[in-house]
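Here you go, one structure.
Per-chain residue numbering starts at 1, and chain names A, B and C are given in the order in which the chains are listed.
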Amino acid sequence: MNYNFHWRPVMKALPELLEAALLTLQVAALSMVLGVLIGLGLSLIRMHMKGPVRWLATTWVELARNTPALFQLFFFGFGLGAVGVHLTPYLIVLIALTFNNAGYLAENFRGGFKAVPDTQIRASRSLGMTAFQAYTRIVIPQVLRIVYYPMTNQMVWAVLISSLGMLVGFRELSGETQFFASKTFRIFEYFAITAVIYYVIVKIILGAASLLSKRLFRY
Amino acid sequence: METTSRFFSGFTPNDLWFLAEAAGRTLWISILSIGFGTVLGVFFGWALSVTKTAGTLTIAPILDIFRSVPLIIQLVLFFNFAPMIGLRLSPFDAGVIILTIYTAALVSNVARAGIEAVGMPMRRSARSLGMSYWQDMRYVVWPIGLRAVFPSWIGVALGVMKDSALVSVLGYVELLKASQILITRTQDTLLILAIAGAFYFALSYPISLYASKLEERWSQ
Amino acid sequence: MIEIRNLHKYFGSLHVLKGIDLDVQKGEVLSVIGASGSGKSTLLYCINALEEIQDGSVIVDGTDVHAKGTDVNALRQKMGMVFQQWNSFPHLTALENVALAPKIVRKMSKSDAKEIAAQQLKHVGLGDKLDSYPSALSGGQQQRLAIARALAMEPSYMLFDEATSALDPELVGEVLDTMRLLAEEGMTMICVTHEMGFAREVSDRVAFFHQGQMEEISPPEEFFTNPKSEHLQKFLAKVK
């Protein structure tokens, strides 16, 4: 091997990279919050409604699950751009991630709702709870536990695919890395450090999720 | 009127064939990676299940890296690293190698879960009938474990197929790269994206539908 | 008082209840027996508005249960219901299971709801399990938890839908004892049950359902020693 590694410039850029990592975390977390809310809505629509609304929800879920995330990103970037809707890179990534998360989470939620017996609703209603109360107080807390682990995985997945932001000019962790790498041609060094940062982020998310689950689910 | 004429002036039937060929390349790189990766992953999964702590301390963390670093970073790193050790790799070669390892990392988890899905009492009773270790593996663990994790394996395979779009970053002209090339030339962005999306959907949706039907039937 | 007049219930084309007429007085304990599929559980669901009806009426304390504009949630608070499957809420402790409905349905303060919950759990003999999750309770304990949960709404009526039939035999006694205790305290109860001993000792009247009709209703002595309906005679001969 006749290649000289140069790590010093990479180390100098570390503060900037870490700052970009925070942006990665931010966009991933935000897309998860939105994805959970929309995914919940999509799964409820698919279970309880008929007609065009249900058809739209099903289309969303199947498109999100059966096309590449990168394709989805290009669609919200170049595709919308072609019809005159020019979004900022941040919004492109946020919307694409949210679209993807919501589709996958909707399927998880559907499985979760199926796993809570109908008799739980019947018992709640017999106590005088409204349908809304029965859902929010009894069914959804149980569903959240069932989908907690898949949700954690989805959060990891959101962080990983936010890296595609670099292909639409978004300066999250990967985009920032590419920016530095292309200035200095030290591509390998920069991306190696970034790989380590991603690894650490993923471990932190998984660690935090398992700590949180111990607090949340005592039963 | 103007929009429709622009629609057809840019995009020709030849271009559709160009996309179809590229979809074929997406399929080809996926089949190779999923094939190699599954064999490798099943081996790792088996190794993890027999070696227990030793495996958990050695292979597991290495495989874990490939699940915890974005695939695009893996591809860029490997593509830039290979020449340093004197390997001249085409984007296709680099893509297959990384996708294979990535698949193996995902499949190892699935395979281990499959082996562990076959309870110890059942395996003991198989051995008590005089089966050898490999007979137990072949006639008890394999059919039962396979059934338990086959839907998850399909999920992994479809994921890898979709993730193969990232090899476009190295310059390999698979489906998504081909659509980008066409978009640059014809400016028919939405039409071409829609066709590319339809190709992906046609590759993925029937299989995912089959997998969920299978899962439903088996869970009864 | 519960007044049921000419009640008809269909599931699709299946005629499950074929014109039931029945009054249940305040303080009365009524047991309902019959083969599975005879419509006896459906009767409870119709009383509690958990099922719609196709003809006739159910009137509880002067309110028509199935009339348009009836506040069924308010009405259900009057009627505690205990199911065959005990349906404890797995994500809540015993105390939280019981305190939830008083808090969000009766709008009691948190501390009042907890107090009434603790009181009712003691009432059914679970005073030492307040902070246990249902997964740590036996089937019998979970069923008593369900009774406490219903009682915390301070209902005027208790409806039991085969409350003991999903339980292991050794756990049936503790639940029946709790039901007996309620009866002694003067609670108005309708108990769909397979426990003939309970029906005989505790009820004021026993009703027999057969294929969607109430074929017999009488005080337990007469019901068990001198049944008039042929179907009931056969049924009693079989369960003995």
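In the analysis below, contacts are C-beta pairs under 8 Å (C-beta built on N, C-alpha and C of every residue); 3 or more make two chains touch, one makes a residue touch a chain.
The structure presented is a predicted model; accordingly, all values stated were derived computationally and were not measured.
Engineer: Here's a test of the contact network: exclude chain B and give the groups of chains still joined by touching.
Structural biologist: one piece
Engineer: Of the chains shown, whose Cα centre falls closest to the middle of all protein Cα atoms?
Structural biologist: A
Engineer: Using the touch rule from the top, work out which pair, A-B or A-C, shares more C-beta pairs.
Structural biologist: The greater number of contacts lies at A-B.
Engineer: Measuring centre to centre with CA averages, how many angstrom lie between chain B and chain C?
Structural biologist: For chain B versus chain C, the centre distance works out to 55 Å.
Engineer: Which integer distance in Å separates the CA centroid of chain A from that of chain B?
Structural biologist: For chain A versus chain B, the centre distance works out to 20 Å.
Engineer: Round to the nearest whole Å and give the separation of the Cα centres of chain A and chain C.
Structural biologist: A distance of 46 Å separates the two centres.
Engineer: Where on chain A does chain B make contact in their complex?
Structural biologist: Within the complex, chain A touches chain B at residues 1, 3, 62-63, 65-71, 74-75, 78-79, 81-83, 156, 160-161, 163-164, 166-167, 174, 187-188, 191-192, 194-195, 198-199, 202-203.
Engineer: Applying the document's contact rule, which stretches of chain C touch chain A when the two form their complex?
Structural biologist: Spelled out, the residues of chain C in touch with chain A are 48, 50, 73-74, 76-77, 79-81, 83, 85, 87, 89-91, 100-101, 104-106, 133-135, 146, 149-150, 153.
Engineer: Considering only the defined contacts, which chain B positions touch chain A in the complex?
Structural biologist: The contact residues of chain B facing chain A are 65, 68-74, 76-77, 80-81, 84-86, 158, 162-166, 168-169, 176, 180, 183, 187, 189-190, 193, 196-197, 200-201, 204-205, 208.
Engineer: Can you tell me which positions in chain A touch chain C when the two form their complex?
Structural biologist: 117, 119-120, 122-130, 133, 137-138, 141-142, 145, 217-219
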